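The block underneath contains the structure these notes are about, expressed in structure tokens.
To keep things simple, chains are lettered A, B and C as they appear, and every chain counts its residues starting from 1.
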Amino acid sequence: MLTKSSMLILKRSKVIFNNRFLSTSPQIKTEFANGIKEIVMCNSQARNALSIEMMENLIYHLTSDQQNKELRVIVISGEGPAFSAGHNLKELVSDQSKQQKCFQLASELMNKILDCPVPVIAKVDGIAAAAGCQLVAQCDMAIASKRSVFSTPGANFGIFCSTPGVALARSIPKTSALYMLFTGFPVSAEEAFRIGLITKVCSEEKLNEELENICNAIKAKSRDIVELGKTFYYQQIHYNVKKAYELGGEKMQENLQLPDCKEGIQSFIEKRKPRWGSK
Amino acid sequence: MLTKSSMLILKRSKVIFNNRFLSTSPQIKTEFANGIKEIVMCNSQARNALSIEMMENLIYHLTSDQQNKELRVIVISGEGPAFSAGHNLKELVSDQSKQQKCFQLASELMNKILDCPVPVIAKVDGIAAAAGCQLVAQCDMAIASKRSVFSTPGANFGIFCSTPGVALARSIPKTSALYMLFTGFPVSAEEAFRIGLITKVCSEEKLNEELENICNAIKAKSRDIVELGKTFYYQQIHYNVKKAYELGGEKMQENLQLPDCKEGIQSFIEKRKPRWGSK
Amino acid sequence: MLTKSSMLILKRSKVIFNNRFLSTSPQIKTEFANGIKEIVMCNSQARNALSIEMMENLIYHLTSDQQNKELRVIVISGEGPAFSAGHNLKELVSDQSKQQKCFQLASELMNKILDCPVPVIAKVDGIAAAAGCQLVAQCDMAIASKRSVFSTPGANFGIFCSTPGVALARSIPKTSALYMLFTGFPVSAEEAFRIGLITKVCSEEKLNEELENICNAIKAKSRDIVELGKTFYYQQIHYNVKKAYELGGEKMQENLQLPDCKEGIQSFIEKRKPRWGSK
């Protein structure tokens, strides 16, 4: 999906980011083509550690093109043998203000995935550990190659994976979540698929093909409609089922008033492809 | 389970229904025998669309025999290649009052399944799409033939399956729910079984046999006891686990005071079949 | 894991237990060695029924060594063909004050598992029925031999498994939970594994080996860190995901101030085994 030649390697330059200045960094490459923005963590030497720099960049790239109606899917991947090995240990052992910043950024990163108007997909081909596993579990979907492994081994060196557990508790059965958190044992991609941590598992050769199928399916839909649906999905989860249906009925009616819905239904009746207004 | 000859084909006649008059329709056939009421959607030409008429009839038949102590299980099925293809598109493109009615009825239908004193089982042999898939996911249990498929493709024509998502979010892992909702891709019966959307999958020849096993197991129990259990299950879900146990302890004591409980325990001690008071 | 010769068979003697006196009983044997406390229900004649006596003893042994820093894991198992067949029916048919005591103790037992500072693992080799199945589902993890079976058949004799349903609803998909509760059908260990009720399934010969792997992984970690992690896991579940991440960030910072965390990180940097302060 991402060819070396086509990669936009970000130069260290000051850009405005949430009212603070951010140095974009060589830790991340992005490609934005055909509606798909792939954000590639490429600090393979540090096993794509979610350092403060890396997280600031992920947040920046997750949000920077959200107003661009061409954007339809965001893919997060990692270069090298690790998708991501989690937080930067050096930063965690430094002063408390840096620790605080680290976890505030991690929370912000997770929130940005939840709030992103387009689906965010983790493409995993390697190790996803600790906060790296959290990142996978928090994405809307995840696909992984068979050689990938997932783990939350923080307790091995004294840092329980409490925040990764937030994501695991909401995506896999309790007995699997606590197994991963208490033992720190790695879980194979096949097992991650079995327990519902990832959407698809395939050979590494097929990874981009599988991803493309999913992306094409999303791109065939209206961006506005998908945004409405994603927003509501994460909203209704917090209500009891009857209240959720009540809100859902209102949301369906709101949906029906959108121009892209009228066009979608019309195209269905006329048996032709829809021409979405907002791409 | 439902033989052609024994079917009660409802005639268009005015019957009282929740303080409003309802025309029962040829869209539904029901059979009520041996404690099992099967409600068969039989508008196969319209792929058993959950039209206003269909939903009103489903609600009517879900509730009409609830006071009848002979009623032990309700089965919902569909004639033809589709279990149900979801809402009636024509009704969704008409005026807003009809749209509103459509989603109010859909909510009411889901609530009636939750509130039904006997278990409600979806028997699926075909396509269950959009609100049809929601209906399956909202039933207490679902069994399906191998050739069945499940999908929430609404976004393809501009209507995100927000209300089906309410049911999916509460029955399958997040990563599978969002895959179905964002891509609209159909999911095979085997896959639906894997992710927990359905209770059993079997060949179409075995479908009635599997259903009968489950129904017979329910019928061997007391109706009052099953009602108490179902009601509490959907109630305790909304509490934290410790509060749920506290309420559960009270419910168990309430259960122990029921005549059918005393009879059940007595029969167990005497090693004989229980004679339930309320059938 | 538990050899006959090494077992501490508790004698009937008065011991202080939560401000009340308890007769410890021959219904339970315990072994506490190498950081692992195994609590063995050994009333196989009564299929390890969760009688008042049994539950009081389970609560006693779950809590009695919690201040002992040598304690790292608690394992609950059962001698004979049944892990546990659930409550004692005789006690349930007696006077209401005994019924009340029974369910209060059951709630207390579940709460003690949740509040236990070390992981609690069910080791199942046989039948786990009704409250016995609840006990398995409430443990942090469960491993079972292939010949084990799980069921919630209470409704067969008039007592719906409402409190076991509290545990099932929080550990397996709805469609499986209601299948077990409504039909009372037993579920094989393989099926229990598939639906996420248990963490691992293996041959009975491998059961202790599998358990040991998990226990050793836990023992390699700091007790303080694991306690912090377990406590937070069960706390954050009750919040929406964004609030949970916010609390999680604070918890991670709290974790980083613990002596065992500083030691863990130091050991990681120095590539040596950590020397945990609190064992």
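Rule of thumb we're sticking to: a contact is a pair of C-beta atoms (placed from the backbone, for glycine too) under 8 Å apart; a residue touches a chain by one contact, two chains touch by 3 or more.
The shown structure was predicted, so the numbers you read here are calculated from the model rather than taken from an experiment.
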item: Subunit C against subunit A, contact positions shared by both copies (same if over half, else different); value: different
item: Equivalent-chain rotation between subunit B and subunit A, CA atoms, steps of 5 degrees; value: 120
item: Gap in Å, rounded to a whole number, between the CA centres of subunit C and subunit A; value: 34
item: Set of subunit A residues in contact with two or more other chains; value: 170, 172, 237
item: Subunit A residues touching subunit C - in the complex, by the definition given at the top; value: 89, 92-93, 96, 99-100, 103-104, 106-107, 110-111, 114, 155-163, 165-166, 169-170, 172-179, 181-185, 195, 234, 237-238
item: Footprint of subunit B on subunit A - complex, ascending; value: 119, 140-142, 170-172, 196-199, 213-214, 217-218, 220-222, 225-226, 228-230, 232-233, 236-237, 240-242, 244-246, 248-253, 255-256, 258, 260-265, 267-269, 274
